[in-house]
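Take a look at the structures below.
What follows is chain A paired twice: with chain B in the first complex and chain C in the second.
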Partner chain A sequence: MNDMTPDRNERKANLKGLGSSRKRVEDLRFTQGKGNYVDDIKLEGMLHGDFVRSPYAHARIKSINTDAAMALDGVLAVLTAKDLEPLGLHWMPTLAGDKQMVLADGKVLFQGQEVAYVVAKDRYIAADGAELVEVEYEELPVLVDPFEALKSDVILREDLDPKADGAHGPRKHHNHIFTWEVGEKEATEQVIDSSDVVAEEMVYYHRTHPCPLETCGCVASMDKVNGKLTLYGTFQAPHAIRTVVSLISGLEEHNIRVISPDIGGGFGNKVGAYPGYVCSVVASIVTGLPVKWVEDRMENLMTTAFARDYWMKGKISATKEGKITGLWCHTTADHGGFDACADPTKFPAGFMNICTGSYDIPTAYLAVDGVYTNKAPGGVAYRCSFRVTEAAYFIERMIEVLAIELNMDAAELRRINFIKQDQFPYTSALGWEYDSGDYHTAWDKALVAVGYDDLRKEQAQRVEDFKAGKTRKLLGIGLTHFTEIVGAGPVKNCDILGLGMFDSCEIRIHPTGSAIARLGTISQGQGHATTFAQILASEIGLPADSITIEEGDTDTAPYGLGTYGSRSTPVAGAATAMAGRKIRAKAQMIAAYMLEVHDDDVEFDVDRFVVKGAPERFKTMKEIAFAAYNQAIPGIEPGLEAVSYYDPPNMTYPFGAYICVMEIDVDTGEHEIRQFYALDDCGTRINPMIIEGQVHGGLTEALAIAMGQEIAYDNMGNVKTGTLMDFFLPTAWETPNYTTDHTTTPSPHHPIGAKGVGESPNVGGVPAFSNAVHDAFRPFGLRQVHMPHDHWRIWKTANDLGLHG
Partner chain B sequence: MIPAAFDYYRPNDLDGVISLLQEHGDDARVIAGGHSLIPLMKLRMAEVPHLIDLQSIEELTGIENGARIRIGAMTTQADIIDNASLASSAPILKEASLQIADPQVRYMGTVGGNVANGDPGNDMPGLMQCLDATFILRGPNGGREVKARDFYHAAYMTEREDDEVMVAVTFDAPKGGYAYEKQKRKIGDYATAAAAVIISKDGSKCKEASIAMTNLSDTPVFCGAASDCLIGTSVSAEDIKNAVNSMIDAIDPAEDNRGPVEFKKHAAAVVLSRAIERAWQRA
Partner chain C sequence: MSGKMQIKLKVNGEDHEFSAEPRELLVHALRERLNLTGSHVGCETGHCGVCTVTLNGKSIKSCTMFVAQADGAELTTVEGMGSPDNLHVLQEAFREHHGLQCGYCTPGMIMRAAKLLEEIPNPTEEQVRFGMAGNLCRCTGYQNIVKSIMAAASEMNSAKEAAQ
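So, the complex of A and B:
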């Protein structure tokens, strides 16, 4: 090696590859107000759409009179179901195999449902027009309770034959959607009946909403001359949207271009297809002009996809010593008026069967019943893999309840039931193959970090002080060890609308040694342009700063299933690494030719190929890139490009240990988070700074959900939390300080060992916060109360336990 | 969240405002900071064909400090927080203002708008009742004064006539200890329960006391009887309990997303006890 060559570590650092806390390249534009979101798109002659929405949760539509609206200057069209029916677009398929009204067809099933769509010259006229549409309703009995709905004579979905099977098998009742069963029912019940100790509890994970900063919206632009439709939108899965639009509109797929520009947060809210998209496309086709539709905040909270709303009845059994013997769960899932859950087709309750968690549970059974009610449709994975937050919350609550039943420390109960390191790959009783894990190491590290034993002593003293009247504050220690399942997923069992859940990356190396890579995913704030360039930098030896990452334009990016469920790194990240390896393989041949040695006599070294045993003889990747475009190399095509479509062999299973220390004022119900420790193991860490940011954000959403955020309905089906006054979105003031930590257990099947992390903090955070509340009241006999733990509910818990004297 | 069309006016003096109000009657509303009115217009719960912006009217601005304090109606909560002399003569204003909404709102939200709108969630009305403030109104027939304690009839129903404008609030510089205690769910929220307390001391006894509660009825609640429970006492735990019990009889909270009536009464009791304790310590 000559003196001019920087040493290996320096060359590595210059690449800013895996493990570098490289600053986010996106933030240059975001912090300067130069982002380009859907609402920033302004096209020549663009029209605006607005909805007339139902004030009732369940009503028959007697008549719709659009005359006054049409008479308003500037209104071009008012669409109703009657107008869409000849096109077959008054209903649309949902991702869950059901169908959903685009515009109310004879009745409405939830408050805020789309009834008519007004198209006008500007956004204000559209809103004025919407107010002039006269709709006559006849109110019908409202069902907001799923248990009630399953008993009621009231038929919500009159369009469905009550006797006919649904998309996921037989229906038991006209308001029943599906039953999904996993595991062994009889064997599990037998084990539970014969175990020493059984804990039984109803765990409710309330209805909430992802509430991204930017609401959903689109701009549809039909060019009648060339027959091409361009659809800009807040789509977490632009390619799938293109296919869906083609299937339901009859337009050929090559004539549709879907573009997801910058997206201001998705969290699952932007996975599905909404009536606003369909109406905007129809309006653009009819008028020949571009049509924009963007939800306001109330529309977002009230009508586009909610999350959770799972009633999880559980039984968990153990030996006297605390070894878990069986887990049984029956979930009643409130899906609202239409089943519009965004899950892989074969999983109508998502991956709820990850509910055995981090524990070696020999026997388990899960059944989920989906139910129609008079609420908005949705059921999306709000910053989690499909229904994984529900599963994690369920098992982490059941563990706590079992600990009470056993009169045992909940940290110790977890420890003796963890899947052991040497059991991986581990096949769970409900059928998943966990790829890798080291739960004991993470757990012990977490307990030491927070000084767990001292905290328990302090808590015991606090209880004494409380009983002696010296304090009105209780101390809760919320424990959670979660295991996620992310990276959907293997095409053999994961598809959405028949589209396999692979993902993709296409790379072009430019002659001067920079590159562009395009992926089938789409960032909504995750920092893909930063992290995917880092993966590539390490794979192909060009600096991350010289690599552009582009996503979201279906005319240029390779097909992929999009970004949700922490799937981008596990699937598209793997595709990126694999495409990078193809580049490297060709580069190796070019280098060997240039160095006049055999292919096998050169080896890759950070940013170059060197002749084995003679490191002073090398060609840098930059030199090789140029050679690929200017030398005639026998047997090798010019250029340096690669594409990879990656079908993951398995999911990845990130895990973590979270501990929350919380002070609770029993009189006001207020809480204060004194300490929050979050240890995450997401396998290989691509950008530690971005991981930390993801953990902070996810924990803050978890705090919101656990401590106050909900979509609440009254008995008439009115949404009580339709604005940010009542829907809790934490600000810096409510957000505690977080301590982050990690262990690293790479995924054995992922090309770079990465697992995905963005959603872990929401999955693990919710039970950690909630368990802290429960734990504070455990010494006074509390077993289970439902979230959200807002002031009055905490006060009520204290009151019910007789703590107000 | 798109308001209906409206005409916008920005007169330079109060006469201009009042003549517009006379001309358009019910169809006109004045706008100060707009943080109550604009959301209502965007929700189309308030239709205001003629919107009269007060921000160019010099007469409505300014803080005059002294034995009698005068705060112009267009004074923002941020102005109050930043006014060092006011913070020393009437510190309860700063303490309360810092608990209103968030900094962005406080740069826009005004004293006049807050007291005139009649929203039971607003903090200033209860505070003004605690201070025994006087509101100065101007209408077609000139000015008049109304006591804050007589101003509120029901939610959004006040003593102010449609063609009158809130010009200023005035009150004597408070003496003794003070506290504004507010429980809320989050930044930006209205109170679950809030208490304004001013107490002065004569030796070891309470000389004067004034208590008003916020968002626990459809108007602010001045609690004269509760205040009387403290006067002449040494403000012991027992005395505080008596005042709290008296306050509970005076409030009439409604159930909402902040919680049921029983909880609100409990929270009211807690915030008032804490406010009295803090005010007494400062007296």
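So, the complex of A and C:
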């Protein structure tokens, strides 16, 4: 049979498998307003919880009086740390090996910290009750600067013995959390000291917040009759939440059912466990009724899950021809009042050691010091695989600064330092094994696509015109070539709270040839119900339209570590393919039996098994599925099911080349994105439509972060950006159109060669936007200014450079 | 709190009457009393637009209106925008052009877009972007939302022409 007969292509197209821009199955209910988000859940007798929060960033609690609140009609309970203490629940473990107060235990460490939890008949009464709780505070000195915190006599964490080690080794100071070192310090310093050219810079990646449009929330429902707790919530990792709830509550894990319903965006905000969840569970156990808690937007921005806040001091050295010889980085990481990072246990600064980026850097050293301050605890990976965003921003800024030092074109500097195609698999100086890449091809394609040489000429002309007084607008060309590390990860080095970071898929084929597959992940908009069915369709030869994907219910789905860090496709996607192959292996035996030939005499062909050399003799997967349930086949159990737990052998390393062309008005500080070109290489592409959508969305989050979004504090520790009035989320009006493109370099170790893409545009987008701003001012001597580049800061940059005359 | 008042609303063609505290937000009345959970809550300050509904012919943010202010009003929510067997053109277009991801902003987007296309039946991309600026999306970067609305406009205009 000719492999490419129309019949075969048609059969392939009918499956809507890998590579199909299949329309999303989720959309029918979402467009009709029939999604089921946590706040849509309504249970009989459901109560509502609300928090009393600290107005101070650092204060001792002298007293809490709940009498007036308890007297309010409709208030059933007010919980404080004293009520939780006998249960051992006034503190809880964080994902980073630290512990965190559930309700303020004697003091508060950040503005907005949870002090008391009011349970009432409806959300309005709960809020009224919270207003009536009287708390007397004694203000303490506030530390918002991590460098000052490391020098200050003020002890933030009085609960910790200042001399005892932390979760990640010795602590140098009472406000110090950990030091994490990777690479060779002395060798790197020697190389840098002896190199022709050295560029040194402090690169700050400011504090920001994932801010999904749906805030965090849960409904806890303790059924006292059968002793089972059901916890619905905005959980990016439902199974991990079940294990955490079991460990801290003492309830046996089989008596806990965690359900993540539809999630209105996550971006890392919904990975961790928050005091609201614990208080709701306790309140439900105490009252015997379901209890709902949903954050408002201020609570979301002020308390749950900030991201970034990394001060990255860097040195990069090169020969005078521009060949990089060494990279040195010291990062001061501001974690706020508790270290509530969501990182694999052995990586207290996540995968920050991917900071050598796309470049062949022979020697490197990274040290990270974690610090406590009077800010909200965290930080999470906001559309990012564990600090990859910080690492990519750092190296892509350092490259630009080095280009200035060398007086070289930054595109050329990148090109001569890229890891070459024949160097893969490539082991970086900081210990990662990059699986595959073809950076030169991607880079050249990008430069040609935007007309790079012409842009540089136009820019030079613009500078001349500006100097001649003919224009007040500058042109910036923001370049980025990023390499990510995603798909955490191999159980040998990646775990969270001791849970290996594998993932899973369980498939049941029904007799009539349709199927259900359940996974340990949970979609928050990524379209898993659509794309995982596509992976399976190609593996098992049943149409994607006949495959239901179900996630997020721990009673039915196999154990998995959830969706974040672009791990769903690399890990759960691999599990799906592997489970599909188990189905196929059994189907092969059934087909051989039906066709009365040996197992080895049949081969898989799109949607069927055919007898080798006799393609007219075949059994379709649909026929095989039925046979699995209606025939007694010697030596083969009835049914057609499989489960796979996939422990990835390595991470995957998506990469991309982004170029942003930006006009900047020197007098107003306003910017206009004239062109944004994004080339992504995420290996095998499952659904191009969804990939493109992910890139658009990630770039817009990057635009926000680079150009205006931040969680800012004043020196009293007040959050200055606690509502959407102050916290920048771009509208359709500010957001440009993007041009997307791709190359395809499959991952050699992933069953279908896919690498993951959801976070790439955020990782690469931020440096592209920021580099465009820097590049516009490069001819006037700018080396480094801190993000976000809002209008005022850009105006100030221009002013500081003397461009306002 | 203080006394309740009697509220009348006509929502998606159906009359409702109930007593509520005047301070109750319209969005909570829709979601919790009438079980119309398609209108969401995202910011409670009127910025994000996930609670957008049509009230007496205008797009409004139902999270910044008290139910008392809406007494006697006629409303349309996303639940009134088509049925499973007969989707609204915008609902079809958003699916066709991948104009949504997590779906949380989608009902508000569709409500606002429907009104926008009544205000400007044949909008330019710039008019769509400006007209939708009261509705935030964190997932899509708007490009496919704009594409969906432009496609819906064109389809609605063709249908109108064919009818004439």
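Convention: the second predicted complex is superposed on the first by the 799 of 805 C-alpha atoms of A that agree within 3 Å, B and C clash if a C-alpha of one lies under 4 Å from a C-alpha of the other, contacts with A are read in each partner's own complex, and residues count from 1 in each chain.
Quick note on the criterion: contacts are C-beta pairs under 8 Å (C-beta built on N, C-alpha and C of every residue); 3 or more make two chains touch, one makes a residue touch a chain.
Keep in mind the model is a prediction, meaning the values are calculated, not measured.
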{"item": "Which superposed partner A:670 touches (first chain B, second chain C, both, neither)", "value": "first"}
{"item": "Partner chain in contact with A:34 - chain B first, chain C second, else both or neither", "value": "second"}
{"item": "Touching partner for A:246 - first (chain B), second (chain C), both, neither", "value": "neither"}
{"item": "Partner chain(s) touched by A:784 [first = chain B, second = chain C, both, neither]", "value": "neither"}
{"item": "Contacts of A:728 with chain B and chain C, given as first, second, both or neither", "value": "first"}
{"item": "Partner chain in contact with A:514 - chain B first, chain C second, else both or neither", "value": "neither"}
{"item": "First (chain B), second (chain C), both or neither touched by A:296", "value": "both"}
{"item": "Partner touching more residues of chain A, whether chain B or chain C", "value": "C"}
{"item": "Touched partner set for A:128, first chain B, second chain C, both or neither", "value": "both"}
{"item": "Doubly contacted chain A residues - partners chain C and chain B", "value": "123-124, 128, 296-297, 724-725, 731, 733"}
{"item": "Chain B to chain A touching residues, read off their complex", "value": "1-2, 4-5, 44, 102, 183, 185-190, 192, 257-260, 263, 266-267, 270-271"}
{"item": "Residue numbers on chain A that touch chain B, as the complex places them", "value": "50, 123-124, 126-128, 131, 296-298, 667-670, 708, 712, 720-721, 724-726, 728, 730-731, 733-734, 790-792, 795-796, 799, 804"}
{"item": "Parts of chain A lying in touch with chain C, wherever the complex brings them together", "value": "23-24, 26-35, 37, 39-40, 42, 123-124, 128, 211-215, 262-265, 267, 294, 296-297, 524-527, 689-690, 692-701, 723-725, 729, 731-733, 735, 737-738"}
{"item": "Interfacial residue positions of chain C with respect to chain A in the complex", "value": "1, 21, 23-24, 28, 31-32, 35-45, 47-48, 50, 77-79, 81-82, 84, 87, 90-91, 94-96, 98, 100-107, 110, 128-130, 132-146"}
